[in-house]
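By letter and in written order, the chains are A, B and C; residue numbering begins at 1 in each of them.
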Amino acid sequence: MTSLSLKDVCKSYGEIEVLRDINLEIEQGELIVFVGPSGCGKSTLLRMIAGLEKITGGTLEIDDVVVNDVPPAQRGIAMVFQSYALYPHMTVYDNMAFALKLARKSKEEIDEAVKNAAETLQLTEYLDRLPKALSGGQRQRVAIGRSIVRDPKVFLFDEPLSNLDAALRVATRIEIAQLKESMPESTMVYVTHDQVEAMTLASRIVVLHGGNVEQFGAPLDLYERPANTFVAQFIGSPAMNLIEAKVTATGDTTSVKMADGGHADVPIASVDGDVGGTFKLGVRPEDLTVTESDDYLVSAHVDMVEALGETTVLYFRSQNGEPGLVAKLPGIHRVAKGTNIRLNSVPEKLHLFDGDGRSLLYR
Amino acid sequence: MASIAGKKSALTWAVHISVALLVLLWLFPTIGLFVSSFRTADQISSSGWWASLFPAEQNEVYRAADPDDNRVADGDMFVVKGNIFEGDPRDIRSWGVSSRNVSAYQPGETAEMKDGESVTLQADGSYVWRGNDKQLSGRGQRIFITATVPPEFTLGNYTTILFSGSGQDNMAKAFFNTLTVTIPATIIPIVVAAFAAYALAWMEFPGRALLIAAVVGFLVVPLQLALIPLLRLHLGIGIGKGYLGVWLAHTAFGMPLAVYLLRNYMVGLPRDIIENAKVDGATDFQIFTRIILPLSFPALASFAIFQFLWTWNDLLVAKVFLIDATGSTTVMTNQIVELLGTRGGNWEILATAAFVSIAVPLAVFFAMQRYLVRGLLAGSVK
Amino acid sequence: MFSNNSALYGLTVIVIGVGGCLGYFFLSNLFLDKVLFPASGPNAGRNINRANMIRPWLFLFPALFALVVYLAYPVFETLRLSFTDRDQGGAFVGLANYRQMMDEPKFWEAVQNNMLWLIVVPAISTAFGLLVAQLTDRIRWGNLAKSLIFMPMAISFVGASVIFKLIYDTRPEEQNQIGILNAIWLKLDGGIGSILMLQVLPSILLIGFVVIVASVAWSFVRGIIAKGEDKSVWLLPLRLLVAGGALWLIWVSISSLLGLWIGGLPYGEAQTWLTIPLWNNFFLMVVLIWIQTGFAMVILSAALRGIPEETVEAAIIDGANPFQIFFKIKVPQIMGTIVVVWTTITLTVLKVFDIVFAMTNGQWETQVLANYMYDKLFRANDWGIGSASAIVIMLLVTPILVWNVYNARKEMK
């Protein structure tokens, strides 16, 4: 059952268009993550779903009802803000009960809902405190609790972890994942710029860039089959290496040749017209291996070595004005700075993008 | 900076001393008024108030007891003994028996006069006056003493000003009139301005920026411009001179600052909180009363103090809009100005009246200084 | 007995006033949401949008009403009245009021005195405020000291006038002086100490003042002659105005300097301070300086605290002494705040009324514009000239008004 549906949704401030023709169908029970660099419009899109920003064009449906002109409180949504937005002058209990009081629910009903939510989030002993007497993680939980008591159709999270320190962020992320598991029926939309949060939490990810949806799919799909160079470089860390390559042969397998003499046969289909074209060969740093043989992808000059023990990261000198390559090798490698080495990869792990940066997989 | 190595301590001392001097210089005028309000009219006009803080030398004249009733024979002489103070002792520095030399002797010494007559005065005021039959008759011997008198203060002026004084000297009515002006003129603009400030801070509508600019402009429009047209307006629509007129005037004159202060504060509240309240289903009215007002308390307090001080201390608005020919609605500032005109020399009345009128603002000032400072910082246009 | 009636009246007004305001806001919102544009039915969405277009104006209405009727309307009405004559039943008389006002020496006296006030009070208050703010910044009892110097802010101008009248009080020759100023004055005897304090020191101050005024004026005037300066027509009147003002100031300073040395000082005689022309203006200004210094100090103290500590520490390492740190590092960083303090005090000075009214009522050549206006309005009952003088005050305020609005708009963008 479709829980949330966006059809050709646009947003512009006067002349400036910030979101263009967004089309998304979100099923009930999914946890969707909007991810993208800052300024990509992901928060604006979330706020449009919440009703805090007017929709300039297109339609937004929640449970098959068009809600473009419905005020936030009547959309059946709840939102957790980046800054938590707790009411500083109300106790934890009153913070959670506020929405229900406004909706004129009975005292018993309110009490039960608040107590239940507090139980789930281990906040029972803090109900009488003011927000300023809570730690960051506890405030975060109150903000979540406040949305739970409303029993909404859709939960909206706006970068809820970005105000927490690193350790707490991991813990709270796991808590949110567990919370989602305990509420399989509810739909959640989650905005973040952090790809780790996106990969670990999402059932599907929406990658936004410059007001457009770049790709919409399951996390590993995005990792293994990125639709374009933007997604390819945005998902995964360090980012995917892109090497300029000339197409030498086409067919079910595409052969490419690099400027420095390396070559590869990529098991991705291409058409005859591609021969001679300049494509981008994509290879993730963690898929590169060191090789001595003449059958190699690239040969490069090691500029810097970061030995982390668990992995060794090699940074190579950039050539022809392209960004330098990065390789992430498992374990310890005693590679000397300043040497030239050859790198190779399994053909199945290679990606090919055409001149416009689109993956050949999706042609 | 105090912890920086090699810093000269002489400079630190210079700073301490100059600050102390400045503070004294600034306090001195007020202390003068304060001290004077506890002195009697005679004290004020006979010496400067600064002298009253220390024991003063004072010349007094006493007479020995009537010799015809009190003399006792002692051989062929007679003696009168007694104590000049009669239960009101002084600290005698020196004494004498003639008005030409009032401090000829120390306590305990004996003054020898003509023909064997003598007087001995002890430090506690007891004296022995010795002489023959003729000398110890008629009126008692005069004894001049120079005594140090401890500082002496009275609450009498306050009794006069607040309770027993008549006519102009009684400030009680003016005090209550001032209160009657001040309290509504403080509270009503806060309510009105708070709503407007919320609209200017958090609601979207065309012309908002223009209105904010207008408020900033109104901040500096001199009151003087409003006097004539408004007085004519008040007289024209029948409000006339009276409390209603002065309340309305104070409310309106305080409005630009109130709106400006409150808007600046409200605009700084986190947007997320207000949006969250919208998601929670609060209407604008509910957001205002349940979220904005409680959170804006510091700004409300700042403005309230401003408005209170300004209305309490005001003279011009009250003179124009409130005080009519009968003078029954006079406020304290006005009454003090009238006292200055009619009783310019009666410092005990003036000082006390002035101190009564500044006591309340001073109390408010010291109790709520934090909010006043905060308001000042927010209120000066950046 | 204590006029219970008026107190009760006041209480009722508070209840009715506040209740009325809240009631107005609540009921008007209710009416909007439930009756005019109900948020239900087929047009719910459109109705909500419409209601939200009207709601801001419901919130704004009472405040706007007060601003328009009590501040905006009077500005224009005063302007109109300044062109009419009450004796002729409010007939339009053109500039006659202004002409008559210009012919009055009392008006020019008020303008001159106001100029003096405008220069002296903001300058000294700001300077003292800055001094105290800096001195108290790092000492342990600084907050107490600040609070005591700030205290006169709470005292009314009238109260302050009484306080200072006691200081300036004069008693006949044979009595003890009870005003501290005369008490000190009588202790001075024309000896070397007195000459240093009362002739040499003021002379140095006056000469310093002349030099500062002259250099400021020169930096303005130079633009008329020098090359490469902005020679737009707008600036010419401003430059001439500054030059004229400066010349006048220099003349006043030099003539009082001469008076200081030629006339000889009347030692040993109790002075009635408030009746000595020219000087009595300064005795009145002292009252306002006493009050405003605290204001300047509070704002400047906050500004000094806002200076990044690192810049001061860097200057210490660079070898600056405390004076260099203050004048070369701190003052330039808070220049904006100093300007704000200066203009705010300037506004207060332009409206100063109570002090002059209570202390001299404009006698002995101490008239100022605000008191002149009050005189015309309520003693002479001449609203034409009264309005004309109010408009003069408004004109003096206008540059600050424009500047503030300009800044506020810039800040909002």
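As a working rule, a contact is a pair of C-beta atoms (placed from the backbone, for glycine too) under 8 Å apart; a residue touches a chain by one contact, two chains touch by 3 or more.
Note that this is a predicted model, so its numbers are computed, not measured.
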| So which one's got more C-beta contacts, A-C or A-B? | A-B
| field | Centroid comparison with chain B (C-alpha atoms), farthest chain | value | A
| Just curious, how far off is chain C from chain B if you go by their C-alpha centres, in Å? | 24
| task | Can you check how far apart chain A and chain C are, centre to centre, with Cα atoms defining each centre and the answer in Å? | result | 59
| query | Whole-Å distance, chain A centre to chain B centre, using C-alpha means? | reply | 68
| request: Would you give the residues of chain A that are in contact with at least 2 other chains, written as numbers and ranges? | output: 71
| remark: Contacts from chain A onto chain C in the complex sit at residues 68-71
| Complex contact set, residues of chain A against chain B | 47, 50-52, 71-74, 77-79, 81-89, 98-99, 102-103, 146, 150
| Contact footprint of chain B on chain C as seen in their complex | 2-3, 6-7, 9-10, 13-14, 17-18, 21-22, 25-26, 29, 33, 52-53, 55-57, 59-60, 62-64, 66-67, 69-75, 77-78, 81, 131-132, 135-136, 138-139, 142, 145, 147-167, 169, 171, 175-180, 183, 290, 293, 295, 298-299, 302, 312, 316, 322, 336, 340-341, 344, 347, 350-351, 353-354, 357-358, 370, 373-374, 377-378, 383, 386-387, 390-391, 393-394, 397, 400-401, 404-405, 407-409, 411-412
| message | Looking at the complex, which residues from chain C come into contact with chain A? | response | 39, 44-46, 48-49
| Residue ranges of chain B in contact with chain C within the complex | 1-2, 4, 11-12, 15-16, 18-20, 22-23, 26-30, 32-33, 36, 44-50, 172-173, 176-177, 179-181, 183-184, 187-188, 191-193, 195-196, 198-200, 203-205, 208-209, 211-230, 233, 243-244, 247-249, 251-253, 255-256, 259, 283-285, 288, 309, 312-316, 319-320, 329, 333, 336-337, 340, 344, 347, 350-351, 353-354, 357-358, 361-362, 364-366, 369, 372-373, 376-377, 380-382
